[in-house]
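Paired with chain B in one complex and with chain C in the other, chain A is shared by the two complexes that follow.
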Partner chain A sequence: MDSYYSLSFWVVFIPLTALLYQLFPRRLRPLVLLGASYFFFWSISGKLIVYVLFSAYSIHHFGLWLTNLQTECNQLTFDLPKDKRKAIRSEYSKRKKRVLGAGVFLHIGMLFVLKYSAFFLGDLNSLFDFLKLSVNVPIPHFILPIGISFYTMQAVAYMIDVYRGVVVADRNLLRLSLYLTFFSGIIEGPICRYQETAEQLWSGRPITYHSLTFGLQRVLFGVFKKVVIADRLNLLIKTVFDNYSFYDGEIIIVAVIAYTIQLYMEFSGTMDVAIGVAEIFNIKMPENFARPFLALNIAEFWQRWHITLGAWFKDYIFYPLSMAGPIKKINIRFRKYFGYYYGPLLGGSVALLAVWLANGLWHGVGWRYIFFGLYHFALIFCGNLIKPLSLKLTDKLHINRQNLPFRLLQITKVAILVGFGELFFRARSLKTGLKMAYKMFTATSANAFFNNGIYKLGMDRRDFYIIAAALLIVAIIHLMQEKKIDVRKFIAQRPLLIRWSLYYALIMFIVIFGAYGQGYLPIDPMYANF
Partner chain B sequence: MEKIIAILEDIKPGIDVSSVKLVSDRHLDSLAILSLIAEIEDEYGIMIPAVEINPDNFNSVESIFVMVNRLLAED
Partner chain C sequence: MIEKIKTGSKILVFIALLAAILHYSAFLFVSDTYIKGQGKTDVFANAILSEKDNDIEVLFMGDSEAYSAFSPLAMYERKGFTSYVLATSAQPLYYTQSLLERTLKNQKPKVLVLETNLIYRNIVASDSIAHKIGDIFPIFELHDRWKSVTLNADSSYSSGKDKTIKGYYFSKAIDGVKDLSKYMAPTNELRPIESINRSILDQIIRICHDNDMKVVFVSTPSTVNWNMKKHNGIVDYVKDKDITYIDMNLLTLEEPIDWQRDTRDEGDHLNYYGAMKVSRYIADYLNDHFELNDRRNDKAYYHWQDALQKYNDMIGNELKKGVKG
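On to the complex of A and B.
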C-alpha cells in the first residue's frame, strides 16, 4: 500500500477499517481510526512512524504548557486592578511567546533539517567552490516521512491556535494524535484546523448509507480525474520534459498545458478521494479546491487552489507580519502619502513577499520553487498595482466586466499565466525551465500539428480524444458546482434507472479508459513529498 | 457604529457598507482589511491582534462594532 490508489487500499484497508469501525462500540471507534492511521503511515514510511509518535507527544505537551500558562495568568489577574492586571498579562504573554517559539522552532526545525538541509548545504558547498575555499560540508540525505509538510502545518496551526486562545489545548493525547495523523489527510492534505476535524474524528459517528454512497461517489470522481486524465498525460509530459532539447516550442507548449492539467487533476482528484474517504466515515474535511481555472485573476486563482494552504499562510504569516510593529508603521506612513489602496498595498507587499517565498519553498526544494513563488508574488503585486487603472479603463471603454466574452478573456489570461509558472514547477531545474521558456518564445511553429508530431510523444490520437471527453465531463460538473448545484444531490434525486446508469457509466469509463497497465506510466502522488 | 461606517465608506467608496456582507461578498480583501484595522486602531486607541482577523469579525458593520466594543472592554 503506497497511496490512495493502490489496490490493497481499496480491497483490504478501507473495507477492513470500515467494518471494524462499524462493529466497535462508538467510544472505541476513534481508536480504530487511530490504529488504521498509524498502520497506513507505517505501511508507507516504515520506521519513520517514530517521528509522528514523538512529534504528537511533544505537540500535546506544548499545547498543555500554553494553556496552563494562560489559566495561571487568568487566576492571578482575576481580582486585580487594571494596571497590575496589564503588567501580569504582559509577563505571561512573553512566557507564552517563548513556549510557542520553542514548539514552532522544534517542528519547523525538524522539517527544515529533514527536507531542506541537503539543498542549502549543497548551495553552501557551491559557494565555497566559487570562493575557491577548500571547505566541503558533508551533505546528509534523510528519508522523508510521508506528508511531513502537511503534518507540520497542522501541528503549527494547532500550537498557534492554542497560544491565541482560539482552541483549548487537548488533554487527550490520542485525540490529538488522531487529528494529526488521520490517514485520509496525511498524504496530501487538506490541511485541517484542530477545530474543524478533531472533535468529528473523535465522535465515532456511525457510517450511514448516505455517508457511504456520497463518500464513494466523491472518491469515484477523484479516481476518474487521476486515472483517466492525469495518468494518461504522464508519458507525454515525461517524454518532453526529460528531452526538451529535441523538441520545438509548440511541443513544449503542449507539454506545459498537459502538465498544468495533470497537476490540477492529480491534486484535486486526490483531494476528492481524501475528502470522500473521510465522508464514508461521516467526517467532513475542509474543501481544498473551488474550480481554480474559473478564476478571473491570479489572486482569485489562489483563493480557489489549495485553499487550506492559502488560508494557513494568510492566518499564520501574512496577517501577523502585516500587523507587526515595523510593517504597521510603514503601512500608516504609506497610507498618508499613497491613500487607502496603494498605502497598504506597498506596505503589505513585504508580508506578501514573505508568504510567497514560504509558499515556493514549501512546495519543494530548489531554486525553481523559489522562482515559482516569486513569480506568483510578482503577478499578484502587479495585478493589484494596475487594478484601479484597469477598472477605470474598462469603465471608460464601456466594457461590461460581467459579460461572458470579457470573463472568458480573463479566465484564459489566468490559465496562460498559471501554466507558464507550472513550467518552472515541473522543469528539472530553474536553468532548464528558462531554456524551455526561451524555446517557447523563439522556436514555435505549427509544424507538430500538421505532421502529426504530437502523436509521437507517448499519446496517440485516441488518447487525446479520451482526454478531451474526460475534460468535458469535468468541465460540466465544475460549471454545475459553480452554479451552486450540488451534483451528487442532483444525481441522487433522479430516478433509479438514470442514477445507476450514471454511476455505472462513470465506473465503466474509469475501467475502460483508465490509463493503467502496459504502455502507461502512473504518477506518484505529486504533493506527497511537499 | 457611525464612525465605523464612515471609515468603511472611505475605504470602499460607492458601496452601501451597511447592507452587504463585507468579506463573503468579497468587498474587503486582505489589503482593505489592513487599512480598516489601522483606521480603527487610530480611531479607538485599541490594538487588534492578528487572531481577531477572521471573516466572522469583519463580515458586517455590526460584527466589526461588536469586536471593537469587546476589545475596548478587555483593554
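On to the complex of A and C.
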C-alpha cells in the first residue's frame, strides 16, 4: 500500500477499516481510525512513524504548557489592580512566546533538517569550492516520512492557535494524534486546522448510506481525473521533459500545457479521493480547490488553488509579519510618500515576499522552487501595482470587465502565466527550465502541428481525443459547481435508472480509458514529496 | 430494519450488476475467437493458445532473458522436438503460474524449462491480487484495446499468429559488454529467494509434478542480471528437489559466449548470435536427458516444417540486411 490509488488500499484497507469502524461501539470508533492511520503511515514509511508519534506527543505537551501558563497568569492577575496586572501579563506573554517559539522551532527545525539540510549544505560546499576553500561539509541524507510537510503545518497551526486562544489545548493525546495522522489527509493534505477536524474525527459518527455513496462518488471523480487524464498525459510529459533538447519550442509549449493540466488533475483528483474517503466515514474535510483555472488574476488563482496552504501562509506568516512593528512603521512612512493604495502595498510586499519564499521552499528543495515562489510573488505584486492603471484603462476604453470575452481573456492570461511557472516546477533544474523557456521563445513554429509531430511524443491522436473528452466532462462539472449547483445532489435527485447508468458509465470510462496496466507509468502522488 | 435491508439489497444489486458489466464488457473489445486464437496481451507468448492441442513437448518460461535466448524453431531444426517460449517482459512469478495453468488446458508438455532471472523479481502482494482480479475481469487487461477496436475486431489482430516465431524474440543488434571484471565474481554468499516468490515457485513445481512434467532451471548468460549470489540462492533452492539446474554463466561451452558480439545491450540480453549458441546447447541437453520425440519427418507435424521454413526465410532476410547496432 503506497497511495490512495493502490489496489490494497481499496480492496483491503478501506473495506476492513470501514467494517471495523461500523462494528465497534461509537466511543471506540476513533481508536479504529487512529489504529488504521498508524498502520497506513507505517505501511508507507515504516519505522519513520516515530517522527509523527513524536510530533503528536510534543504538540500535546506544548499545547498544555501554553494553556497552563495562561491559566497561571489568569489566576495571578485575578484580584490585582490594573497596573500590576499589566506587568504580570506582559511577563507571561513573553514566557508564552518563548514556549511557542520552542515548539515551532522544534517542528520547523525537524522539517528543515530532514528536508532541506542536504540542499543548503550542498550549496554551501559549492560556495566553498567557488571560493577555492578546502572545506567540505559532510552532507547528511535523510529519508523523509510521508506527508511531513503536511502534518508539520498542522502541528504548528495547532500550537499557534492554542497560543492565540483560538482553540483550547487538548488534554487527549489520542485525539490530537488522530488529528495529526488521519490517513485520509496524511499524503497530500488538505492541511486541516484542529477546530475543523479533531472533534469530527473523535465523534465516531456512523457511516451512513448517504456518506458512503456521496463519498464514493467524490472518490470516483478524483480517480477519473488522476487515472484518465493525469496518468495518460504522463506519456507525453515524460518524453518531452526528459529529452527537451530534441524538441522545438512548440513541442515544449504543448508539454508545459500538458504538465499544467496534469498537475491540477493529479493534485485536485487526489484531494477528491482524500476528501471522499473522509466523507465515507462521515467526516468533512476542508476543500483545497475551487476551480482555479476560472480565476481572473493570479491572486485569485491562489485563493482557489491549494486553499488550505494559502490560508496557512496567510494566517501564520503573512498576518503576523504585516502586524509586526517594523512593517507597521514602514507602512506608515510609505503611506506618506505613496498614498493609501501604494503605501501599504509596498510595505506589505515584505510580508508577501516572505510568504512566497516560504511557499516556494515548501514545494520542494531546489533553486527552481525558490524561483517558482519568487515568480508568483512578482506576478501578484505587479498585478497589484498595475491594478489602478488597468481599471482606469478599461474604464476609459469603455470595456465592461464583467463581459464574458473580457473575462475569458483574463482566464487565458492567468492560465498562460501559471503554465509558464509550472515549467520550472517540472524541469529538472532551474537551468533546464530556463533553457526550455528560451526554446519556447526562440525556436517555436507550427511545424509539429502540420506534420503530426505531436502524435509522436508518446500520445497518439486517440489519446488526445480521450484527454479532450475527459477535460470536457471535468469542465462541465466545474461550471456546474461554479454556478453553485451541487452535482452529487443533482444526480441523487434523478430516477434510479438514470443515476445508476451515470455511475456505471463513469466507472466504465475509467476502466476502459484509464492509463494503467502495460505500457503506462502512473505518476506518483506529486504533492506527497512536498 | 426494513429500511436497512432495502439499502443493503440495493448496494448488493449495484455491485452485482457492476461485476457483470466488468466481466462481460471485455467481449466488446475482442471476440471470443480472438481470445482463444490469438491470446490477449503479450501476443507472442499468448499465441501458444493458438497452437494445436497437445503439440508442444517443451515449455520455456521466463522473462525477457528467456525470449531472447531460446529459439524453439532452431531447436526443432537441430533435434526435432517441439517447444514454445512462454515468456513476457519483466514476467512476475504469479503471471508465470497463471500462464502455465492456462497453457496446460490444451498442452501436455513433458518438460518445463524455467529461466531463473524471474525468480528474483520483486513481487508486490497487491500486484498478485490485481492479477487474480484481472483473470476474473479481463477488461482490466484488455481495456487498452479500445484504440484498435474496429467493426471486425479479429481482423486487427489476425496477424498475431503469423508474426510469432514460437515465442522467440529475434534481434540482430550488437552492443558489447564494456566491463567483465565483476561478472560471476566468486563468493559464498547467497541471495535468498523472497518468501512470496518461493511460495509461488513451489506451486509452479507442484503443478508440473501433478502434470508429469520434469523441471529444469536454466540461468541464461547475462552479465547484467546474473551473479554468484543468485546462483548460490538457486542451488540452495533446488538441492532437495527433483529439479535440474543449469547455470550457463558458469559452463565452459563448446561455443563460448562472445560478450562483444553475442549481446544486444551490453550483456543484459543475448542477441540472435548468442541465442543460437544457447539454443543449440539446450537442444542437445534436453534431447540427451529427456525422452523427446523427433518430429522432423512426422507428417502430422508438417506445420512445424512450414513454420521452420518461414523462420529460416525471415532470419535469412534479416541477416542479409546487415547488422545495426
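Please note the rule applied: the second predicted complex is superposed on the first by the 530 of 530 C-alpha atoms of A that agree within 3 Å, B and C clash if a C-alpha of one lies under 4 Å from a C-alpha of the other, contacts with A are read in each partner's own complex, and residues count from 1 in each chain.
We adopt the following convention: a residue touches a chain if its C-beta (ideal position, glycine included) is under 8 Å from a C-beta of that chain, and two chains touch if they have at least 3 such contacts.
Quantities reported herein were computed from a predicted structural model and do not represent experimental measurements.
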item: Touched partner set for A:W500, first chain B, second chain C, both or neither; value: second
item: Partner chain(s) touched by A:S149 [first = chain B, second = chain C, both, neither]; value: neither
item: Contacts of A:V11 with chain B and chain C, given as first, second, both or neither; value: second
item: Partner chain(s) touched by A:K328 [first = chain B, second = chain C, both, neither]; value: first
item: Touched partner set for A:M508, first chain B, second chain C, both or neither; value: second
item: First, second, both or neither for A:Q217, with chain B first and chain C second; value: neither
item: Chain B versus chain C as contact partner of A:S184, first or second or both or neither; value: neither
item: In the complex, chain C residues that touch chain A; value: 7, 11, 14, 17-18, 21-22, 25, 41, 125-127, 129-130, 133, 139-141, 143-144, 146-147
item: Interfacial residue positions of chain A with respect to chain C in the complex; value: 1, 6-8, 11, 209, 460, 462, 500, 503-504, 507-508, 511-514, 516-519
item: Complex contact set, residues of chain B against chain A; value: 10-11, 29-32, 34-35, 37-38, 42, 48-51, 53
item: Chain A residues touching chain B - in the complex, by the definition given at the top; value: 164-166, 299, 314-315, 318-320, 322-323, 328, 331-332, 335, 340-341, 343-345, 347-348, 384
